[in-house]
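Right after this note come the structures.
Paired with chain B in one complex and with chain C in the other, chain A is shared by the two complexes that follow.
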Partner chain A sequence: MPKILIIEDEKNLRILYQQDFERDGFEVVTAATAAEGLAMVQDEAPDLVVMDIRLPGMDGLEAMSRLLDKNPKIPVVLNSAYSSYKDSFMSWSADAYVVKSADTGELRARVRELIASRADS
Partner chain B sequence: MGAITHKDQRSKFDAFFPGRADEFLRMLGAWSIPFALLDADDAVLFWNLGAVKFYGLGEEEALGKKFAELVAEEATIPEAPLGGVRTRRYEALHQSADGIELPVMVTRTDLPASDGREGAFVLITDLTESKSLERRLARRVAQLSIIREIGECLQSAMSPERILHTILVGATASMGLRFNRAFLLLVDERHGVLRGRDAIGPADTEEAQRIWSRLSTGGKTLRDLVDDYEPLIDGEEPRVLEIARLLSAKLDDETSFVVAALNATATTRVVDGHVVSGDAPSPYRIIGILGIDAFVAVPLTTDGKPVGLLLADNAITRRAITDEDVDILELLGLQAGQALARAHLTEELARQVASLEAATRELRRNQERVVRSERLSAIGEMAARVAHEIRNPLVAIGGFARSLLLRPEEQDSATREALEIIVNEVRRLETIVKEVLEFSRPAPPKIGSVPLRRLAQEALDLLAWELDHVGVVGRVEEAPGTPEAAADSDQIFHAVINLLRNAVHAMPHGGELLVRLRGVPYGVEMAIVDTGVGMSEDVLARAQEAFYTTKPNGSGLGLTIASLIARDHNGEVRIESREGEGTTVTLRLPAATEGETDAQDPDH
Partner chain C sequence: MVDRRRTLLGDTLAIVMAGGQGERLYPLTRDRGKPAVPFGGIYRVIDFTLSNCLNSGLRKIYVLTQYKSGSLERHVRIGWGPLFNHELDEWIQCVPPQLRVGERWYLGTADAVYQNVYLLERERPRYVVVLSGDHIYKMDYARLIARHEANDAIVTVAAVEVPIAEASAVGVIAVDEESRITAFQEKPKDPIPLPGRPGTVLANMGVYVFDTETLVRALAVDARRESRHDFGYNILPALVDTKKVFAYSFIDENKKETAYWRDVGTLDSYYDASMDLVAVEPVFNLYDKNWPIRTMAQQLPPAKTVFAQEEPGGRLGIVLDSLVSGGAIVSGGRVERCVLGPEVRVNSYAKVVDSVLMDNVDIGRHARVTKAIIDKGVRIPASFVVGEDPEEDKRRFTVTPGGVVVIPRGTQLD
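Up next is the complex of A and B:
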């Protein structure tokens, strides 16, 4: 069962995403801060990371570049309330950029695609 | 004292003429001043040479006749005692040598004769000269008061037209200067012309009858006449106006009489076809136009600079123009010059006030624009913050509601309906949030050459489903020669989508959506015309405000975003609407220059 790490500071969103992805058949682990998330990448070895950009303590983009330094192959989906980061070149290293929506359909679709393409390779 | 002096003089007199009364009388008899000695019955005893000449009556005709009858005396001013009791003086009219009544002053001193009866010594002074002086003085006083009245009229005249009329009425009115006709020529510097601007007076005797009979409807002041001034005579433009226009001349025409008269330092007078004062060229042409060979031309100056020419004649009555007439016309000219200067200043002032008002309006409009854009940017910033804060909770609310809907076995139909409402309302809120965030992130447009026809067609194609859904037929029309727009294609596309959506929303029961393109000076216009519900004036006034909406699901940002995008392009969005008839939203953008067109076109 593919494992997904959700880095999200909003507790309710963590619960929502956990429920949705579990329903889609994933194993889900969650972190509330960038530091916690980075540690979990080490410990849990997730197949994919879904992360917010604005996180307490450390900027999400900064956290992502550290994460990718350690594990360049792990797919990262940026999930942000800000569409403005879409044009930031830092975001380009992410595999997908999804603007947060109550309709989690797009987020889940991108995650499924990325997991599937990883499984193929 | 008086008695002593009298006695003293008497003795001196006696020293001159001791017992020589005859000699004395002979001497007096040769005087040119008329006098007579009368007896107690007023019969003439003595009649001197002066009297003979003055009355044209010889001594033999006069002697023994009653004096008053002889001279056909008609007292005008009753006698008044003068000096002593014996001398009286009165004014009268006496019949003179050529049968004309002349004004005289009679000084009559009663003399005691040797027979104890009283006689009289009568001295006659011809008042003709002094009377005429008196008349001239009175006339001059009257004229000065006219000039004063004209001056007052000019002072209160607010418009240049009224000033012209006052000058002309003053020059011609019967209580004014009594010229038959007057013409005003004014310097038009811009065109280099001395132009016949206005005139007053009859063109011929017949017209004179009509005008003067109308003017002489008594008791009117000069001001009344100016008030009543009617430039048309019996509904037609008077012929004098035509004459005035014919008098016009080019300012650089050295052969022109009127230009020379304008630049002269004093009045130019023409009598019998010759220039008698001033050194203007031949007035031949002017005489031809005026139809009279005697007229006066007074230059009007302000600050020493010639600004016009006042020309007057007596073309109808042919009365000779006197020195007095000229003097008074010059006075009028002086006032006219000042009044015209004042009018010029007033006009200049009005023009400056108008331009100041325009500048103030422009400033206010810019200020409003600034305030509006500041408010918009403040709102935008605020909105962006709020939107971000709202987005996460919305995701949670909507997300869980959707989650629940995915487990239909757990809810009854009422709960499902409630969950669907939550999902829909969250979707609407998310749309607002999205638009707010777009709106609060203005990016400078990347200008290229945009073919609006293609862009509009693409936008209609994208919205095809929405159009079909409500039965709206969309169509693009392009005027020949419409240029491409200098614009950021993506941003304009976004703006056009917003505007088209608004138009479709205004036609819930179908209609026609026309996108009309045409070139305008330096720009290109896209008019989006719908046949929808239109807007009331109130709604129209608020239509471009951020967050203002009349739609249940609207964010109130579509038009605002389109306006902001247009503004970023140095363009604008205008709305015209009639309630119940439809709305036309016009997006104006700068046109692409040839260079931009070429850059995009690989064939060139």
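Up next is the complex of A and C:
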């Protein structure tokens, strides 16, 4: 079962994402900060990471750089309430950028695509 | 036209790669990176690229440093910093690795820029000019950028024509009739010659203009691949299929018969390039007022020769076919075909021939030095002989395949 790591500081979103992705057949682990998330990348070896950008302490863009430096093959989906970070050069290393919405449909679709394309390669 | 040119340059950021170790220049690079190696008496290798920037009107410059960058940082800050006016949005700044991306050194030239993408984010220039701080040449980058824009290119690669026999030592660029690049070959065994000119290939000079967004996207993709993270090997070949990658034929501001572009990458090529400067008609002209080469100016008294005792056995201070930097004193010794750095001293009855003496080298009385490179501050004792007995030299010093004796900084011979 593919494993997804969610890095998200809002507790309610973590719970929502966990439920939705588990329903889609994924194993889900979560982290509330970038530092915690980076540690879990090493310990849990997830197949994909969904991460927020505005996080307490280290932000998601810096965390993504660090994550990709050690694990360049792990797909990363940036998930922010703001679309403005799409213009940031630092966000261009992500495999996908999904603006947060009450409907998790788009996020889940992108995750499924990336996991599927990863399985193919 | 002038306004257009100004806008283009104002919207262009230059990144000078100055992180190379210069292993083949060892021991000159024992305490400094290759861009900081002194050249031509008063200059350092990076001064030629920085002079090109200044003479081209590029005034936003980041110098990416890495190994042993102390003397380079000081040279750029003191020698070049005052020429750029912060209030006019101009700057030159050395950037050592920031370890923002990961805790490691740069993996390649592309990784060096990738790790500093935040600098591009901050400035958001339209174009980025990527340069190497390792080469000696004169080039107007403004013409390169104008050509880039006229071609509606996403990348333009400056290229110099070299004989096909030299292709295996360079990055070769294959082009069509419209200078569109069709392939990159790194040090190829079967190089692709220029259309209609089987004896000539185009060599990649390591001078690139990128549309900034193209550059960032290409770096982001490359960073996640197994790759050498190198512009010539990885970034440029990956963009060829867009058909918007163009070559720009080097127009040499040196204005001699053959184009001058030297990678002083080995001790012998460094020595040869130095000796060219003392020729009556040097290939590389340091004296062109239309293309001044700048460096960190030092307040030094004029060079001087003393003792004019021309009778046999007399003390005669004499300098022939040489470059002599400020503060040098040739006191009763003889100097032929040499590059003398600042404050060099050559004492009575000494003879120095075909050599490069860097700052503050002191040649003792009756010493003889032939075909040598002597690094800063070395004292050659009285009656010491260098460059006459290869076996003896090899026991004590580095001797190059071309027979040049290299005496590094800090060598104690007394």
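Definition applied: the second predicted complex is superposed on the first by the 121 of 121 C-alpha atoms of A that agree within 3 Å, B and C clash if a C-alpha of one lies under 4 Å from a C-alpha of the other, contacts with A are read in each partner's own complex, and residues count from 1 in each chain.
The rule is simple: a residue touches a chain if its C-beta (ideal position, glycine included) is under 8 Å from a C-beta of that chain, and two chains touch if they have at least 3 such contacts.
Nothing here was measured: the structure is a model prediction, and the numbers come from that model.
With chain A as the common reference, the superposed partners chain B and chain C fit together side by side. Legend: residue contacts after superposition of the two complexes on their common chain; A:K73 is shown touching chain C, with no touch to chain B.
After overlaying the two complexes on the shared chain, residue contacts for A:S93 are found with chain C alone; chain B is out of touch.
Of the two partner chains placed by the overlay, only chain B lies in contact with A:E10; chain C stays clear of it. Note on chain A: of its two partners chain C and chain B, the one contacting more of its residues is B. Shared-chain residue A:A81: touches chain B; no touch with chain C. Rounded to the nearest 10, the angle at the Cα centre of chain A between the centres of chain B and chain C is 80 degrees. Once the two complexes are laid over each other on the shared chain, residue contacts for A:T104 go to chain B alone; chain C is not touched. Once the two complexes are laid over each other on the shared chain, residue contacts for A:S65 go to chain C alone; chain B is not touched. Put simply, the nearest alpha carbons of chain B and chain C end up 12 Å apart when the two models share chain A.
Under the contact criterion defined above, no residue of chain A touches both chain B in one complex and chain C in the other. Touching chain B in their complex are the following residues of chain A: 10, 12-13, 16, 19-20, 23, 81-84, 99-104. By the touch criterion stated above, chain A contacts chain C in their complex at residues 62, 65-66, 68-70, 72-73, 88-90, 92-93.
On chain B, the positions that touch chain A within their shared complex are 388, 391-403, 406, 423, 426-427, 430, 434, 437-438, 441.
Residues 100-102, 104, 117-118, 120-121, 216-217, 220, 223-225 of chain C touch chain A in their complex.
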